[in-house]
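Okay, so chain A shows up in both of these, paired with chain B first and chain C after.
Right, the complex of A and B next:
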């Protein structure tokens, strides 16, 4: 038994290092001094941990203990706006996606009806569309409709990504749930109350994961945002960050803002992850 | 599956068309599904139609915008384009490697998270972190991690007395590096769905396996794995689609390089459309990509999905 637990803890350690290390190696740059960044080979760890770059990207100067001052980043307005827009857009997209997808996935997973295969194929087609090929059409459509650089426009585009994708995942998930609503239907429940009072509580964990996924897709969407809202008042964090990649590379600020992009989804995931594992299905049929 | 057949038996025993005033399943399904599908059709159909229009034209910007109808010329020309053939090959390599790695990693992570451990919530959150990283940020991170100038391998090599940097971004390994980064990014998602599925396996079966003195591997192979088949199939398809569509990570990490060593189809489409401004040609390429994606998903369904989805 002792041998098994040593193996287990070793495996956990390896898995954690695997998951964390690439993030650490990049984000450590936020704490390196400009001189350390230029070193070859690069150090494992910064000498001192100071949060100067975080002040910089949100528009404040910071005086390091070593005596020098790093100036506020020119991108700070974009970053702040990106955070606010990102939270706003992602929350709305998450809510709308769930409202649309949960009944849809339920219907596709649990009911037999005509044209079902064709409709499933339509969903698959929407998932398979590569964004690179719809970029120009979307752009020209948005110019005509005056939706360029608006948050509403970005929400609509993002929904075309999240809805089919999350639907596809949830359909598979709903199929695996025990078919108790059939029994409930015999007892005279209507379809709607089956969905609301039986399926929703049962599928809580799947819906939680779907919420995380919709939020992440929306929060991290880069390709469309770059073309449709970059540089406008509706820009999101990913596009704001790409400003650091341009002519004046500021690795420290870049790393700091990447950390900022990871924090909200990580918090969101932390609060929702327990739903995944609290699920212990009591199967009424078996 | 026992559950499914029991459910079907129940359904079969009730009349499928109810004499009461309730609407039929089909109508209920359409009522819920139709608005969504109409929205998707409108928002997806227009860009799709526009892309078809572009692919049938030669679009010229210099000397005034012109769109000359050229029929299927773009679709045919593509096949005599070396970079297109090269891109198909690289996309195939990238996708197969990504999917296989993601599935294996997902199973490993899920098995670890399925153990009873202390601070399980923290461990789960840490293992979930890569999925919180966006694909462009993952591109930045892995670029930093493996490039000779800034990479971890260089630092390690110097720590142990080496004198040269280690660079994995060379021609030979750049696709593998991209696939590893992609698998790193997608594995937590797969792992979480597998974990949710593992939790539904009755504990009784593990007790039986223990009585039969199955080894850990046999238990995994014959008790844990079979119920996961359907989820594995679904995610094999999903990761295939995501890998073939992957663009921003590749753009940021390698920019298709060195040379064209990591120029996947998505990258070639981007290059043709946005750099060479050859919109019709790029659109034609993107339809081939769409066909390949659909083809790959169907192939997976034919060889695997049909067996496990019943």
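Right, the complex of A and C next:
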């Protein structure tokens, strides 16, 4: 028993280090002053916490306590636009995904109809397609339609990823809900009112988690964004960050941008973790 | 209160026939049990009575009114589902309230009915809890309250006790019967548990592979089964069913010879474990068996033995009775208590037991 718990704690420790270390690494880089970052070896922790890099990536000069000024980053326009576009596109994608997927998943999970298996397979096949394989067709189609470099275009293409993936997840969740439709029919609910007034409140945990997944997929989406919107007014944060790679090195600003990128998903996950744990721990079959 | 008539009711799912040509009359105020193994069509039949499944053919009449095409809530039925299904995300009170959605009664009446049902089922202390916070027995009571608050003409119960532990099942069984007798509501109760069927029902309808095998009082079903299926399905320990030949005034199977007269040919002899005597292996006319196990039930014991064809044969013996495993013994059925079934499983009634 004691032996097992040692290994258990060891495994937990490894998992924590595995996931925390990159975050620590970026935080350290973001908070090191430009002088410290040029040292070798670099200090393990910044001596003072100053938010200079964060001012810089959002387009402001910053005067460090040591007395020198670091200028606004040349990438700041892209970063600001990336944050705004990212929030806008991800919110729209999340809403549309839920509007499509909730009824779709409900029908596939709880009703019988002809060719159901084949249709389900068609929906889920898209999960198995790597985005790269559809990149070129999408690109040439978008150029012809004039959709490249538009937020609308990116929303449409992101939906092709989020819809099948979230559907896949929600179908399983809906399947495990108790069969209250039969009860609802005895009580005289129509199918629609049963879905709206009974199933949706019952499934709010699953739907909340589905919303997080859709938001994160959209927020982090890189492959399509790089090809379709990078460098345009519709670019998103991941592509804006990749812009740092081709420039005079600004490691501090790069790290600060990465931290900005993980803030919304982290907040999202924090406030919805109750639902996430509920979804996996509470047996919905009652 | 209603009597229910099922007329040539049929239900198919694609090529699969779930219920075939079912004719059944359920009397007003009766507690009818539908009993059968899983997949026999009993739940499908119940769902058709409720209106949850559309009948493929045939009619359902409540008090001579054809309700076959009515949706469930217009039939004035109440249903308790397997594992006492409730809406998990709303309180017990609101669960019960939803039953009254389609009634046009005043608010005061509504409150009174809910309070009465809660009092009758003794669920007042947890009216504002969620179903998930209740025990299995409490949930069962809530589901029952939800059913009776509508004052339905028909109660339909689909194995409501199957998920509960044995002790609770025992107490809820009598509670349900008592409630049904007080309210006098026609009730159809589906179960695969023969003890529930025997103890609760006014009548039992035994179903097998979509067909009605027999309907009758528990006494008729137990003592006078009309098919070999009913004979084998009811009773614990189960009836001994022995295949053999009937000729010359004797039923014969190996060494066994039971003096019974009837139409000759291949038949199955059925005899309950309490209607056989255990004899010496060499006793003339007895079935030679080898002891397999002795189960002590307290008031009596059950001898389980293998006959020479590998069939298990059971006999009730006195509680102090002992036998070694592997010991050779004989089993002698009481000819007056033997039933005969033909090769199609139908009872042969024209039999006469003779003294040996």
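Simple rule for what comes next: the second predicted complex is superposed on the first by the 247 of 286 C-alpha atoms of A that agree within 3 Å, B and C clash if a C-alpha of one lies under 4 Å from a C-alpha of the other, contacts with A are read in each partner's own complex, and residues count from 1 in each chain.
Quick note on the criterion: contacts are C-beta pairs under 8 Å (C-beta built on N, C-alpha and C of every residue); 3 or more make two chains touch, one makes a residue touch a chain.
None of the values given here were measured: they were computed from a predicted structure.
> After the superposition on A, what does A:72 contact: first (chain B), second (chain C), both or neither?
neither
> Of the two partner chains, chain B (first) and chain C (second), which one does A:198 touch, if any: first, second, both, or neither?
Touch partner of A:198: chain C, not chain B.
> Looking at the overlay, what does A:120 touch: chain B (first), chain C (second), both, or neither?
A:120: touches no partner chain.
> Among the partners chain B and chain C, which is in contact with a greater number of residues of chain A?
B
> Identify the partner contact of A:182: answer first if only chain B is touched, second if only chain C is, both if each is, neither if none is.
So A:182 meets both chain B and chain C here.
> Should A:26 be classified as contacting the first partner (chain B), the second (chain C), both, or neither?
first
> Looking at the overlay, does A:92 come into contact with chain B only (first), chain C only (second), both, or neither?
A:92 contacts neither chain B nor chain C.
> So, A:104: does it touch chain B (first), chain C (second), both, or neither?
After superposing on A, A:104 lies in contact with chain B but is clear of chain C.
> Taking the stated contact definition, name every residue in chain A that is touched by chain B in one complex and by chain C in the other, in rising order.
On chain A, the residues that contact chain B in one structure and chain C in the other are 178-179, 182-183, 185-186, 286.
> Report the residues of chain C in contact with chain A in the complex, numbered from low to high.
Residue positions touching the partner: 50-52, 71-74, 77-79, 81, 83, 85-90, 98-99, 101-102, 131-132.
> Once bound in the complex, which stretches of chain B touch chain A?
2-4, 6-7, 10-11, 14, 22, 24-26, 28-30, 32-33, 36-37, 39-41, 43-44, 46-51, 54, 108-109, 112-113, 115, 117, 120-121, 123-138, 140-142, 144-145, 149-152, 154-155, 157-158, 165, 181, 184, 188-189, 192-193, 195-197, 199-200, 202, 230-231, 234, 238, 241, 244-245, 247-248, 252, 266, 269-270, 273, 279, 282-283, 286-287, 289-290, 293-294, 297
> Spell out the part of chain A that touches chain C in their complex, as residue ranges.
178-180, 182-183, 185-189, 198, 201-202, 282, 284, 286
> In their complex, what parts of chain A are in touch with chain B?
It is residues 8, 11-12, 15-16, 18-23, 25-26, 29, 40-44, 100-101, 103-104, 106-108, 111-114, 116, 119, 122-138, 140-141, 156-157, 159-160, 163-165, 168-169, 172-173, 175-176, 178-179, 182-183, 185-186, 190-191, 205-206, 209, 213, 216, 219-220, 222-223, 238, 241-242, 245, 254, 258, 261-262, 265-266, 269-270, 273-274, 276-277, 279-281, 283, 285-286 of chain A that touch chain B.
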